[in-house]
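Multiple structures are listed underneath, in structure tokens.
Both of the next two complexes hold subunit A, though its partner changes from subunit B to subunit C.
So, the complex of A and B:
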């Protein structure tokens, strides 16, 4: 597991409305056999579409395994190969050239076939399959070898090199540079693209496998509606039709079959209810301490005599250094005694600028305090979630102990698992409500939001306290009922909060004190 | 020590350039198959480079010519670093054909020298790349690992 942040466990609790829908979504995938090819059309959401739209924060998506991804690529290649009557290898190159936009490929090809082939590196194609050859009198332009019996290869462009050089060239491109879809002929300025069949002829099977793997990736990376699940060791991809421009209206949390829940917009762990742009800004703010540094520079100065740091905390400019008792003016750093009779005004500055400076300092301090208020709450939930990283093992251990102590069956102690799941999910949500609140400007809706937040916060803390009780107390049947009630209450409160925030977000009813339109770049790659 | 592919190729390149090189390019030393030095001159009357000779250092990796050689200008008392908006004052050259994307294994020492020569010939700006000072101070990367942004290939 990765140490970045909290990964959610796969097991879902039955009381959690949100996880229910996720499960539907995931199990639904097996029923749809094909991807949706039309990038500009609404994705095929299956028969549950209408029912699912009910929940404002829920988003439609599908999970695909590596086999699914391969199958779909093959399908598209077959289709192009049939319609345009070209080799499958060439169809693959064309599709990759058009970033898997089959419709545009067909259209452009029908229009100007030779121009399209040229641009994709397939110029003047013939039907002969690629093969290795011995050419008498051949000299390789890479190694300058001219031995008789030197085996050589050339793609359709005719640039011929010895097999050994070709092999080394391809190894370098694939292994060292991670290239696959756009490996060009080694000749200078030749745009001919290496195809899979030629490649198979030239390299070892394991390198060909690596090549296929990289090609598979480009398929996902080329399509805006597909993204890799970022969980370590997970090879699935998620399909979701959310558009970049809509990320100020919706927070597209998706759940992979491996159990990882993440945002399709920015690939970070689930951050509902905060929109991607706020998350990006918040994380940046937390990472660089500039805010604090600003405050310190605005509010502290060094004593002009002994250089010890002095913090200003009142409005008066008359400063007395605690250490050396030096008296000076905060504004001009001059000797206070020289200010003559105007004791409380620095007459070397205009009165107004002094007030402005004081206001700026006061504002800076208030803004820092405000930030710290939200940051502390955010960090608290993050830390609790971090501490709970091994919560699954801990819960399991607890469940075993409880079985022994109370004589309950494995099924009967499942409520503890449900409680621990609820705690994790709710903390994740709560954490982001504080970042959300930090950027939220007051309006008539913020009060409802704050009430929802408070409700969830209180119930999570209450559940957490019950959950931490010693085994002896947990075996009390009364407490079991309380925990079950509180668990379902927490889940319900979370749903209410998310629904409320998502609906207002979708309808543009929140006012933020930052611009959500400067959207974060959506990255889809993995290394 | 360069081995296999590189050795034979470099051997043949060396025997060719020892006997003939285009005008303005001279072989200074090639004592092994790892590091060669060549001098280049700009032949036309470009006032920026008139009367000067510049020293190029070629470093070859085991994978040469699959990988590009590392090519830099070196500074000696009579060999300055030429002024050019793509040449840093520490001798590092920002030229796409020397990066893995722009390199082709059919290129060779002679063709690289000619490319650099023509890059100087066509230049009219008597200046260093933007941020030269900072780059020279901070850069610890080898030239091939630097992600140059080839902002203007016309220069």
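So, the complex of A and C:
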């Protein structure tokens, strides 16, 4: 393949790396056509498809800070408050009830206002603001206190309880149960929802703050297009319009402002190019000990008579089962008596008696070896990424030393940071290419994929090696240029690989060798 | 603590004043050495708080008439969670009571083991309200004996049986009553799971 050679040559001439890869990307598309035996399907690769490919890989998303989230909520509340002429607290309750679907709220409310209010726990409302009251002769139905001057509170539903009980109830709900949007009146069976203004009246400011925080969470959790950044201590949310049903066509990777890259579909760390469902299966496969069973079936055989599991760890092929004394040949699993005099040398492969057992055996072996091939490479990149990170932490210190040693400024040593970042992301991608490849059925496209994978891997290993050089060598300006070139080359290779996989994924051109139920039926592809 | 006041009041509500003649005691044929049941205001339900701890109650429920449980008396234990006042974490009534059968019972909504957990929505954390009352809980438990809820089961196998093979269910439930719920009022009559029972429920080996 032409492009393959081109890629190889660019590895050595780093200076032209950028230029060459751009060309290669073009030639890559041409090569792709060459595999196509049916020219009439050519229009598929027209400009439309290229456009869609860009969208498929560069998923669009927005990052919101807690302030942004609050502003969005306020905006929607104001809008509902204006249009429906209700209190802001009530608008908030209604919006949460409708999971922040403003359009549906408006529609339903216009249709049957009282029914909507009832369902949202608002009942018929009056204009009076909430307040604490002294009612003569009042007995609290929670604590049964009836002291004179017992302060009490009731929401619009009229269920009245003393302030102490209310306070304790709300504290418990907010602090212990993390509840906010659905705190109901303490009366049994009453669905009236506690609103923010009543709450402010009853609880301490810090509890009210916590309540507000929890409410903000429901805003993000209720909206399908919003998700929290899963990085520890990160308070941002990401907006991405990807639909669940499209997860077999795209791998929606998003990057938070905090630097964390994750998949919007499943919240796991960036796993491009493998789609979520494959990732789920791969992780499960690696986690459970189904491979132990695989080892057993690869290294042991069952006695053809009594089914005891036997591991042959030496000796001749004449097996006598310890348990049932059955005599058989380890090679063909057939009866030993059928062997005649050809002891120690089974040449009876044509015999029917052992064929089935051998077939199962062979399949199991191949399957295990295949799995281990991909798993070892997957695990290797995971491990290397961790080591690269360790080295970077050390290098960070060295960056300071490098400044004094070579007289470079802080900005001038940032290339090490860039290199480290590139190593991390590229290894993350490489890691998942192996899980992806494990499930990939061979066709013409897989060759392009494997070439891309190989190119990326080679350049990443090369960069990794440069990156590990001692500080004295790092100060050499030649090495700096090499590292910078290699860094951008790695990033380029990664983009090419991801674009190729994403495009084929979006167009359903990959064939997977497992039956992925949640994946849409894969088109038979082009042969 | 305000909780105590509430609990003692609720106990009074459950027990009521000493019953008028023939109201409850006569309903249960007390056997030799049987414990004396406390007074009650509820139909077929008796409640008594621990002498030393108001937050632990003993409950007896009579198998309701015209049900498979008729003729049995089921003992239950109820624990009211005690809150720690300073940190403001509420115990009862801000948290629901915990209630378990101590008498074995064959029922879709009660675990078929020594813990006797009950699946009752009223005492789930998200349904329970501080204004909910123990009396209501006890009545709901008795209602569960009259009308099991196989759509929300704790024992799926029993629920299936209840739905698809009622005759078999009734046979099993009645045999449990005979075996476990007859001598409930006798002191020290706590019957534990027999070996035979455990084996019966274990998956059969071939």
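By our rule, the second predicted complex is superposed on the first by the 388 of 527 C-alpha atoms of A that agree within 3 Å, B and C clash if a C-alpha of one lies under 4 Å from a C-alpha of the other, contacts with A are read in each partner's own complex, and residues count from 1 in each chain.
One rule holds in what follows: contacts are C-beta pairs under 8 Å (C-beta built on N, C-alpha and C of every residue); 3 or more make two chains touch, one makes a residue touch a chain.
Note that the structure is predicted; figures quoted are calculated from it, not measured.
When both complexes are superposed on subunit A, subunit B and subunit C occupy overlapping space and clash. By the touch criterion defined above, A:233 lies against neither subunit B nor subunit C after alignment on the C-alpha atoms of chain A. By the touch criterion stated above, A:188 is placed in contact with subunit B and with subunit C alike.
When the two structures are aligned on the shared chain, A:169 is found in touch with subunit B and with subunit C.
Looking at the shared chain after the overlay, A:147 reaches neither subunit B nor subunit C. When the shared chain is aligned, no partner comes close enough to touch A:206: not subunit B, not subunit C. More subunit A residues lie in contact with C than with the other chain of the pair subunit B and subunit C. By the touch criterion defined above, A:177 reaches both subunit B and subunit C.
Shared interface residues of subunit A (contacting subunit B in one complex, subunit C in the other): 141-145, 164-165, 168-169, 172, 176-177, 186-189. Residues 5, 8-9, 12-13, 63, 65-67, 100, 104-107 of subunit B are the ones touching subunit A in the complex. Against subunit A, the residues of subunit C that register as touching in their complex are 2-3, 5-6, 9, 88-90, 93-95, 125-126, 129-133, 136. Touching subunit B in their complex are the following residues of subunit A: 141-145, 164-165, 168-169, 172, 176-177, 186-189.
Subunit A contributes residues 141-145, 159, 161, 164-165, 168-169, 171-172, 175-177, 184-190 to its touches with subunit C in the complex.
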